[in-house]
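You will see two complexes here that share chain A, one where it goes with chain B and one where it goes with chain C.
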Partner chain A sequence: MKIYISGMGNISPQTTFDNKNFLDEIVSHEGSRLNIVDPPYKEILNPRLMRRMTRIIKMGVTSAKICLAEAKVEMPDAIITGTAMGCVKDTETFLLAYGSEESTLLTPTAFIRSTHNTVGGQIALMLKCNNYNFTYVQKGFSFESALLDGILKLKEKDGENILVGAVDEMTDNSYGIKSHLGYLKEGIKNSLDLFQEKSKGIIAGEGSAFFLLSNKENENNYAVLSGLFMLYKPKSQAEIENGIQHVLSPQGLELKDIDAIIIGKNGNEEKDGIYDDFLKAFPSETAVLGYKHLCGEYETSSAFALWMAARMIKEQRIPKATIIRKSDAKELEHILIYNHYRGINHSFILVSKI
Partner chain B sequence: MEAFATKLKEQIITHLNLEDLTPEEVGLDDPLFGEGLGLDSIDALELIVFLEKEYGIKIENPEEGKQIFESVNTIAKFIQKNKNT
Partner chain C sequence: MPQKVWVTGMGTVSSIGLNVEESFRSLCEGKTGIGPISYLDTRFKEEYPLGEVKLSNDELKERAKLSEPIVSRTVLLGTLAAREALSQAGISDVQEYRTGFISATSVGGMDISEKIYQGFLEQGKLEDLSLMGIHDCGSTTEMMADLLGIRHFISTISTACSSSANSIMLGVRLIKQGILERVVVGGTDALTRFTLNGFNSLKIVDKQQCQPFDANRRGLNLGEGAGYIVLESEALMEKSGKKPFCYLSGYSNTNDAFHQTASSPTGDGATRAMEKAMALAGLKADDIDYINVHGTGTANNDMSEGNALMRIFAEHVPTCSSTKAFTGHTLGAAGGIEAVFSILAIQNQVVYPNLFLETPIPEHNFSPITKLKEQKVEHVLSNSLGFGGNCSTLIFSK
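Here is the complex of A and B:
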């Protein structure tokens, strides 16, 4: 059975939310902090619903709404969300009030919103959807776990239209903590220069991307989601190469059949060598593309890469801003996404032409 | 009293994040819950916290809440009455 991506909504540090611009006009960010470009929320969301939404909820609900509208699906059979950190801002608001008011005058809204499954819950409330609703909080595997659940539901014929997405936000405090821990790159002037940087640290990002997975063939579908594999703390390069085979072999594909590879290179010289070693397995003429200079590093950033791959497959073009290594391939049939989060959570996602 | 009720209306709009409403659109006697402004039980909890934080008034008996939160005017009267006691 083929699993199609039939709709997408992506809110990111680039102007991606309208599904028109495909990284033609790039937003460069100063320093090591990439916040999303806000869509016109008031034009998309009901103001009455919006009043109880903080930034991450607005991001999540809006990207889900854009995705469903594009797929022309009003009621998904499941809503599956992946988030590593959940509603950080609301958790902060609640905990700060808890600390400063000695827990006597706590407002309920921040507490209610502070749980990880708030975004999935708000999407369900908006749609009045009582179907399966699950949120995966698995650090660097949060999005992949949600995706796997969506794939399994379709394969088991437990639904025809599954809404799967990822959402993570960055707040002043979470950025400050990352900075304090020494995770961030110092002195970077322009996020687009990320791959020229030879230094430790990352640029932090955030975003929300939702996908409508369906088992129905449709001319508007973007691409086929043809493989997914997760690898936790691989001990050797051989394990990573084995991971590649886990997604290619079931499709009868070889390394040379991959037309482009999207890697999660994030400019951190301590961990980017993993990508360099990974690429050695592939023919040198395979195109290599990057995305973290566009959206930053965060636990669920592979959702941005999946959005990119699906659009590339549908539009049969590679935006200039993503190219790390060019290729002469005339057709984009198979794109492999390889990402790792802090060298711990490694994932392989294969996207193919319909 | 009316000036106070108008100020209170603005505070409620801000506190409950009723972004789509202007103070002029909310009548002092309009019902706040149900078919009126459409506030819900979470808003009721927010209003209880608001009264305590802003005016130092605690609603001891939750049964009273229904009457107190009927409209902006009933809340204003409740505050005036309890501030003086």
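Here is the complex of A and C:
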């Protein structure tokens, strides 16, 4: 059975939300902080509902709405969300509200919204969708877990249109904590220079991307989601190479069949070597593409990469801004996404031409 | 014929016991674990009773034989329960087959991080900031997976109070699809000031011992704990010749899509979850022998859930009870702990009392049982309902 991506909605530090501009006009960010470019929320959301939404809810609900509209699906058979950190701002608001004194005069709003499944629940409320609704919170596997669940749903024939997405937000404080802990790059002027940097640390990002997975053929489909594998704390390079086979073998593919690889290089010299070693397995003519200079590093960033891969397949072109290593390949048939979060959560996603 | 997914082990820690045996004894003796606060550092010590696990973090650490200086209580409770489940299943080498760990939690490492986060937010304190690395839910699962030695597949589900039931459901599906051969599923949640203050702000915490499904119920008591079960594929069962406890015959998750925290008065989401789970199991209403209801003790939950039961079972609601008057509401762990209780009911052909129930809810045509009862228990239905409209039903069958 083929699993198609039939709609997408991506709110990111680039102007990706309208699904028109495909990384032709790039937004560069100063320093190591990449916040999203706000879509015109007022044109997309019901203003009455919007007033009650915090930022992450707006991001999540809006990207889901864009995705559903594009796929022309009003009522998905499941809503599956991945979020590593959940509603950070609401958590902070409530932590401050009860404080060390544990005030008894609290309004429950922030507490209610701090629950991890708030975005998934809000999408259901907006659509009045009574169907299956799960939320995964597994660091660098949060989005991949959601994606796996979506694939299962279609294989189980328990639905035909599955909404799967990821959302994670960066707040002043979560950025501040990363900065104090020394996780961030110091002195980077332009985020687009990420791959020229030889230093420790990352640039922090955020975003929300939703996808409509469907088992139905349709001329508007973007691509086929043809493989997914997660690898937790691999002990050797051989295990990582074995991981690639988990997505290639079932499709009868070999390494040379991959036309482009999207890697999760984030400019942190301590961990980027893993990608360099990984690439050694592939022929030198395979295109290598990056994306974290565009959206920053965050746990669910592979959702941005999936959006990129699906558009590349549909439009049969590679935006210049993503190229790390060029290739002359005329056709983009299979794109492999390989990402790892802090060397712990490794994932492989295979996207193929319909 | 789709393959069956079998339960071969279980483990639990809660205020009524540090393992399965102790918990079952408390259930049979009608002994609640809810009482005055002894461990949680809160100003509400004199005000609210809680279902605390009766050990300090140091004592839990010793019991779990952990040497790490600072470990979230969520991890401590979870590790003890998950290890018991693996040991009951007779699994010593988790690498032998494709083995997964799917854990559920609503607070993760918040018991440790809340003070540090607050210090940073309020005063810019940088002390112990590195411990923020264990704040998120996923990090608690990773630490437990490492302690258990499981690395083939890990995931965490956080859908508020239905989290654990959903992790069990995912485990069954992954085995049915051949992605895993066996999996440890369930959940863990420690008490935190965050949740106590949160539920307090919602004004649904009972200052006395809670009375689920009583006409005069005042709210819920919070509790903590962990509950995990081991699921194995049919092929593995044939290979090992193990005697299983029971199997998962039905499951379903739906959304009430009514309100972020409240259930619809008619219990639409719960009704649909029960219907779908029973349809999947191929069971009719009169096949269900016992229902372990979600039954938190809040005005809204018990009314809505009871109405859902009447929609499905009409005049014949099966024997049912809430065990939350024993353990308190353990949030993300509830579905796991109650799965263990449900399986124990099948093993021992006994159903538990709904403690402290005095006056039945007048709008309902049924009332949970108030005394321990020996009876035929072949099919147990367990409900878990949560924020975000999340409704889950599991059915365990002999």
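One rule holds for everything that comes next: the second predicted complex is superposed on the first by the 352 of 354 C-alpha atoms of A that agree within 3 Å, B and C clash if a C-alpha of one lies under 4 Å from a C-alpha of the other, contacts with A are read in each partner's own complex, and residues count from 1 in each chain.
FYI, a contact is a pair of C-beta atoms (placed from the backbone, for glycine too) under 8 Å apart; a residue touches a chain by one contact, two chains touch by 3 or more.
Small disclaimer: the values here were computed from a predicted structure and weren't measured.
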Task: Check whether A:128 is in contact with chain B, with chain C, with both or with neither, and answer first, second, both or neither.
output: second
Message: In the superposed model, which partner reaches more residues of chain A, chain B or chain C?
response: C
- prompt: Which partner does A:117 contact after superposing on A: first (chain B), second (chain C), both, neither?
  reply: second
Query: Taking the superposition as given, does A:232 touch the first partner, chain B, the second, chain C, both, or neither?
result: second
Field: Contacts of A:50 with chain B and chain C, given as first, second, both or neither
entry: first
- prompt: Residues on chain A in contact with chain B in one complex and with chain C in the other?
  reply: 106-108, 112
Statement: Residue positions on chain C within touch of chain A in the complex are 42-44, 106, 108, 114-115, 117-118, 120-122, 126, 129-130, 132, 136-139, 141-142, 145-146, 151-160, 166, 170, 173-174, 176-177, 179, 193-194, 197-198, 200-203, 253-261, 268-269, 272, 386-390
Contact footprint of chain A on chain B as seen in their complex: 16-20, 38, 42, 45-46, 49, 52-53
Field: Touching residues (chain side chain A, partner chain B) in the complex
entry: 47-48, 50-52, 105-109, 112
Task: In the complex, go through chain A and note every residue touching chain C.
output: 79, 84-86, 91-92, 94-102, 104, 106-108, 111-118, 120-122, 124-125, 127-139, 141-142, 145, 148-149, 152, 155-156, 173, 176-177, 180-181, 230, 232-233, 299, 344
